[in-house]
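What follows is chain A paired twice: with chain B in the first complex and chain C in the second.
Moving on to the complex of A and B:
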């Protein structure tokens, strides 16, 4: 049994302009010690999917479907039930470490409160454990840093603190929402290496939400690609990079800058704009931008189905060869 | 500590400018303390002016005045004969400070919790009702509220005295305090709601929730302190205007506060009295702004270090 099992998860937001279907029928599972990459543009629903798993949707958001952690249904639990689960068995870290920590409280206080609440530890015992956690994420002088405030740390350090804080209770699942996006490239690499190390040491399952395929290639085992609030392709990481079967994935991979490309060539991009979730086109959300679009694509959303009878899933009607989609600049 | 000392020293030039400007502007205004409807005999007027040193050159008077206030003496009042400005302030300020302090306290105790509840129960009756009330409270000036309260509670129902100071008896304080405090409650509730809503939407509150902390802890430990910061900036200047009293409230309730001295002083060119009250206001504004800054530093570690 997978550690986390997401079935037919939908998220919609009630807004003044009507319901926005941000996430539609997502099915995905994560195993222990595995890294699942979740890739998509802004507004693809990748963050909302996982915020709803954590029960952290905005007030006007409503999730339906099923999310099972270790076989136990956790979607739409009460706040009281969630507060025993969040920060204990599953943790989440966010994109911008500059604002994700409370500027008014010391790092030590923000860390030890997690253990005081979840593990009933004394302040002293919690502080001791916090020092260990900071050392585990390679922060030197941990003891001294407990009494420091977030603004006294650099961006990369703060993200390490966030990770250490999320790991205090040895969670089974760690959801990372764009954990490296706000950081310098060299710091990005360090954070990814750290996540990889933690996964190996503690067997933590990691969900890595990102728009950066380079990040996914580094540490993900499996990747699910989202577009317009839907999953459109899902595969083992190597399969996805070598034998992608969806035109959108092709476009995504095509728009990654390459060092070996001729200097004169402009970076290919996917033409058009991401869809507006408030007024989704009928059929495939990618159809308006797709180079292989057929008439039926505009009528009904293709189902997410296995390609080659295996773990490689995609939602597309097109069966011909890919690779001829023109990048337009 | 060094910060406070620096600010106190920095206040001296500010005060000096206030004193100088108001001193010369007051003297530049037409008329004088002894210009009355019925002209005084020239000899009497000359004697009076000589007694108050008004016959000296202006810069000499200015120097004398600076020397006096440096020793804490605001001089004799020109209009309230035989009384010093110090005495008038000593008489009036406690009245205003009592009324204003209680009004501030009431506003803090009622307005702040109302704002917090409204923010936590956003877009429910708990939000709409106090906020609608607050809008009304802000819009209706207290020269309307106060007579209404007097009419209902004093004149019709005879529950409370209609005015007077009653030597500070609590019974006499209720109506002026409520009249002065109502708009403050309203303002603080709205301010508090706004900042609380903003803080609750900030990323670090999402982090606190992701850590599984119970909602009570999220609010009390993580949201409250940041949400109080705008209130503190507001309170600095607001406390001064409230504590030094409202001329309107003093007039309506017939309270022996400073406000009437200020107005009468200005109308009668009572130079020393107007100067005294002006300097007092200036010092209070500087002191309370300093207090607000110090509080800011105590509450926000980012300010503390820089």
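Moving on to the complex of A and C:
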């Protein structure tokens, strides 16, 4: 059984201009020790999907469907039940650690609180555990660091502190929302190496939400691609990069400037821009930008279906060969 | 090479910083420390480096929007550090800039037409409204905006479109140098490449010169002809694009390139994720000698004792005592 099983998850927001369907019918699972990459651009629904799993949607958001952690339904639990679950069994880290850390409390105090609250530890035991957690994320001089405030750490160190805090209670699942986007490439590499190490050492399942295909290629086992609030393709990482079957995935991979290929004079691009969730086109959200669009694509959203009956899923009516979008500008 | 447009020589930008407490001592932050490079007409010079390398300070100095403690900034042969604000004013049209966060850099109370036309109003006050409007519309079309969007407000546009507005506003006065401050790093992947292509086309069409400041080495490889690599306010390496990416000479450039994510799992997983050593030292307390030595696998005692000068090696310039030995595989690598 998968550690986390998401079924037909939908998220909608009530706004002054009517309902916005930010996430539609997402099905995905995560196994223990596995890294699931979630790729998408702004408005793809990639963050809202996982905020709803954590029970952290904004007040006007409403999630439906099912999310099972270790077989137990956790979607729409009460706040009280959720706050137990969140600290102890799943954690989330964000792009900007400063938004999640309290600037007025020392790192040590914030870490101890988690342990005193969730594990009922004494202060002394909590401090000891906090030092271990900082050491696990390779922060040197951990004991001294406990008395420091968040602003005294560099961006990369702050993200390590966040990961250490999330790890205090040995969560089974760690959701990372663009954890390296605000960081320099060298620091990003160090954080990715750390996440990879944690999953091996502790068997933590990791959901890695990112816009960067390079980040996914580095440590993900499986990848799900989202666009306009929907999953449009999902596959094992090598399959996704070598044998993608969705025109959007093709366009995305083609338009990334990359160091491992010869430089071309012009970068291939995807025309147009991502859709506005408040005014979604009918049918497939990618249809207005797609090089293979057919009449039916504009009428109904294609279902997410298995390619060749396997674990490779995609939502697209087009069945011909890809590769024609190359050089679209 | 072609004609010199902008020359930076031995530029220092230092900020006095006072330590905590009433009697804290004042230390000097050398945000830019003896930086020299040249920009040739018609080229794109990429400037890369990570946080704290002095990119922003450098670009403010280039634009004369920030201080220069010592050294020389020459634009078309004129020394800019001698000019006061008033004397700089006529030169402002020649030096334009585009920003990382396009929406934040556009006035929300102005229409697109007003935003793009504003520099013209200031710098060509004799131009009548109809001609100004004509120039605005023509440029809007060129950067991929629709003329009928001229009366809309900036917040109605997506990030990519807002960056197009920023580009039009910068180009309307026909500058000679466009300084681009991380212009694509806040954009979605599928939009980034559109804007890079647009910038490259405009450069060719209009004979523009760019200084393109970015931390994204893959984008810089696409757009730049030459690249300057900064670390802790100092130049580590300057080289032609192809040489820099194929055979980086400085160990810092090598580390930086090895850390760029590769969107191919097979290639990505063959790389050692441990290539990055250590952390960026505090700019207030940089290492003695070579600024990079604390993270460099090839560092020797000499690197701690003597600051390496930027010197010619092959076709480029590099500030490393051991560049030749490293390139020839003779340098001893410390175990990580």
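Here is the rule we use: the second predicted complex is superposed on the first by the 319 of 329 C-alpha atoms of A that agree within 3 Å, B and C clash if a C-alpha of one lies under 4 Å from a C-alpha of the other, contacts with A are read in each partner's own complex, and residues count from 1 in each chain.
In the analysis below, contacts are C-beta pairs under 8 Å (C-beta built on N, C-alpha and C of every residue); 3 or more make two chains touch, one makes a residue touch a chain.
Keep in mind the model is a prediction, meaning the values are calculated, not measured.
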Clash-or-fit label for the pair chain B, chain C on chain A: fit
Touched partner set for A:228, first chain B, second chain C, both or neither: neither
Touched partner set for A:257, first chain B, second chain C, both or neither: second
Winner by number of chain A residues touched, once chain B and chain C are compared: C
First (chain B), second (chain C), both or neither touched by A:275: neither
A:179 touches, of chain B and chain C: first, second, both or neither? neither
First (chain B), second (chain C), both or neither touched by A:247: neither
Chain A as apex of chain B and chain C, Cα-centre angle in degrees (nearest 10): 70
First, second, both or neither for A:218, with chain B first and chain C second: second
Which superposed partner A:102 touches (first chain B, second chain C, both, neither): first
Shortest CA-CA distance in Å separating chain B from chain C in the superposed model: 5
Contact footprint of chain B on chain A as seen in their complex: 54, 56, 59, 79-80, 82-88, 91-92, 94, 96, 99-106, 113-114, 117-118, 149, 151-152, 162, 165-166
Complex interface listing, chain C residues touching chain A: 50-51, 158-161, 188-194, 196-197, 200, 215-219, 221-222, 241-242, 245, 255-269, 273-276, 279-280
Complex interface listing, chain B residues touching chain A: 122, 202-204, 206-215, 217, 221-222, 225-226, 299-302, 305
Chain C-facing residues of chain A, complex: 41-42, 154-157, 184-190, 192-193, 196, 211-218, 220, 237-238, 241, 251-253, 255-260, 263, 265-271, 273-274, 289, 329
